[in-house]
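Order as written gives the chain letters A, B, C and D; numbering starts at 1 within each chain.
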Amino acid sequence: MSIAVLYALVGIGLFCLGVYALMIHAHLLRKILALNIMGSGVFMVLLALAGRTEIMPDPVPAAMVITGIVVAVSATAFALALMLKISAVTGRAELNDEEEK
Amino acid sequence: MTLSDYLSVLFLLAGAVFFLAGTVGLLRFPDVYTRLHALTKADNVGLGLIVIGLAMQAESYASVGKLLLIWLLVLLAGSSISHLIAKKALQKGVRMWRR
Amino acid sequence: METFYLVLVLFLLLNLAAGMWRVLLGPTAADRMMAAQLFGTTAVAVLLLLGQVEGRSALHDVAFVFALLSAVTAVAFVRRAWSEQEKKHDSK
Amino acid sequence: MEALSLLQWLIDGLIGIGLLWLAWRALFCPELFKAIVLFIAFGLLMTLAWVRLKAPDVALAEVAIGAGLTGALLLSSWAKLRDFDANKGMGVREKNRVQSEQKTKRPFFHWLSATPVLLMAVGLGYGVLQLSPYATGLSTAVAENLDASGVSNPVTAVLLNFRAYDTLLEIAVLLLALIGIWSLEIRPSVREATLDPVLDLLARLLTPLLLLVSAYLLWVGAHASGGAFQAGSVLGAAGVLLILAGWRLPLSLAGLPLRITLVVGLSTFIAVAVLMMLDRGQLLAFPPSQASLIIFVLETTATLSIAAILAALFLGSRPDHSEKI
């Protein structure tokens, strides 16, 4: 096992934690946090696997991750704005996907 | 190892001690104000000593300048933010610890 | 020398882990944020030490930007998140 | 040598465990504010992980965005959400809020979702362990063509030359997110009424420094870690700091001048793409002799646009509406 594999496994762990939290939480801010952590996990797998060389690490995944980080922050900003709007309209920061009791 | 190496190790160790003190203070002190006091020790002195220790090993004056700039920046930001937190805590009526 | 730097890095990381306890304990929001602030400063020190080990000045830039931007988060906390509305929650 | 590699392992292991622990606590601790602070700490630790993975460019982007903007965004959205709740009525709200913050789906559903997630984790882990321990990927291909790209930092070469269309689309995504937010018509926040002299001084001292660092990162990106995104997000952080200190864009600049700044990056990119299409028959294929100049122009305009868009994303409402509430 090398350092790259260690970080790749950590990345997978982060991704799976994120997926689980995304599914079980009702509060939208939690879901946004979960999505961000999922994204970080994916970035980590990409970069860990890019570092499997003796010479310089592969720059293409690094460039993709930088793009990904910026896209993630813009998506987060949009999601937070949507959450605020939903909360302003319905009074609750969660989605109404279960039938009311 | 030369004399400057020994000195640098000494400074770095002293810096680490201040970081440890900051963390212990943050964990053990009884209220926001005293914890703030502990935190700034790590911020200002701890990082300062580590910067001095590393500056002795730096290859060029430019990198010494950059190290010092980082320290000054942390000093400036750290002290302003400590002030803001303490002022807000007083405004909000967070109680001070009395023996 | 390199071993010494790495030992220091490890020590600072363990320090960080201990400091995280304060985030969990609270009790006021400021305590949690202060722990994050200590986290930031320690990370700056770790970055500088790692930069020395690997001999790359790029890490000095990372540390510099780090110091600049952790200030922005802290300001956001003081100005926005820690407002008057939580008074009774905090003063106990 | 033995001790050295053991130390490296301990450091990497500690970072890995720390990341997993912070993510777990951030996602499952009962209080939302605590979760956000833990998430900010997670972002900071992530930076150390990128440094350990020898990706200082990514570390810079993560620092600029993860430490500065995401944290500020999350904290300010959390505060707005809490104020909505507070305005609805006192009494029950504190209890309600705490309940809603930790509400999850029914317990039966936890097991239902945990099983496939665990299976997925095992499958992915197995897949990673099966990969060959050495792979050069595209690093040799990039290194061979680096001379033709106009810059000497391989990551910048990939971002603005070899795969420039990624960057083009990325700026489009940023703009799209801003248009989305503006179209939601959220009530602007008017909470920075009180001025604080210390904060004012801090903002006055840090803003020029942030401008300087942004310009430096833009310049250094050609041959070392740095580049348009990092520069743009540092500049955007300057905007966020000014917004937090109570400064607002003068109304005379909030109309057309702001909008021009927002789109200048994307429009320059598209203009260059069209020109290259007419000239060389290929989208964004730069002639090696001029590549350096073209990349400089693209990066500078992109930096301005990224900064303006990020600051506007943080503000959340249209700046020219903020005066009439």
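We take it that a contact is a pair of C-beta atoms (placed from the backbone, for glycine too) under 8 Å apart; a residue touches a chain by one contact, two chains touch by 3 or more.
What you see is a predicted model; the values in this text were computed from it and never measured.
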item	value
Chain closest to the assembly centre - both centres taken as Cα means	D
Interface with the most contact pairs, given as the two chains involved	A-D
Distance between the centres, which are taken as Cα means, of chain C and chain B, whole angstrom	11
Separation of chain A from chain C, taking each centre as the mean of its C-alpha atoms, in whole Å	22
Computed distance of Cα centres, chain B from chain A, in Å	33
Touching two or more other chains - residues of chain A	none
In chain B, residues with contacts to at least two other chains	73, 77, 80-81, 84
Multi-chain contact residues (two or more partners), chain D	8, 52, 69, 78, 199, 202, 206, 209
Pairs of chains satisfying the touch condition	A-D, B-C, B-D, C-D
Contact footprint of chain A on chain D as seen in their complex	8-9, 12-13, 16, 19-20, 23-24, 26-28, 32, 35-36, 39, 42, 46, 49-50, 52-55, 57-58, 61-62, 65-66, 69-70, 73-74, 77-78, 80-81, 84, 88, 100-105, 109-110, 113-114, 117-118, 120-121, 124-125, 128-129, 131-140, 142-143, 154-155, 157-159, 162-163, 166-167, 170, 173-174, 176-178, 180-181, 184, 186-187, 227, 229, 233, 306, 309-310, 313-314, 316
Residue numbers on chain B that touch chain C, as the complex places them	1, 5, 9, 12, 15-16, 19-20, 22-23, 26-27, 32, 35-36, 39, 42-43, 46-47, 50-51, 54, 57, 63, 66-67, 69-70, 73-74, 77-78, 80-81, 84-85, 88-89, 91-95
Sites on chain B touched by chain D in the complex	73, 76-77, 80-81, 83-84, 87
Interfacial residue positions of chain D with respect to chain C in the complex	3-4, 7-8, 10-11, 14-15, 18, 22, 25, 29, 33-34, 37-38, 40-41, 44-45, 47-48, 51-52, 56, 59-60, 63-64, 67-69, 71-72, 75-76, 78-79, 82-83, 86, 94, 191-192, 199, 202, 206, 209-210, 213, 216-217, 220, 224-226, 230, 234, 237, 240-241, 244-245
Contact set on chain C toward chain D in their complex	2-3, 6-7, 9-10, 13-14, 16-17, 20, 23-24, 26, 29, 32-33, 35-36, 39-40, 43, 46-47, 50, 56-59, 61-62, 64-66, 68-73, 75-81, 83, 85-86, 89
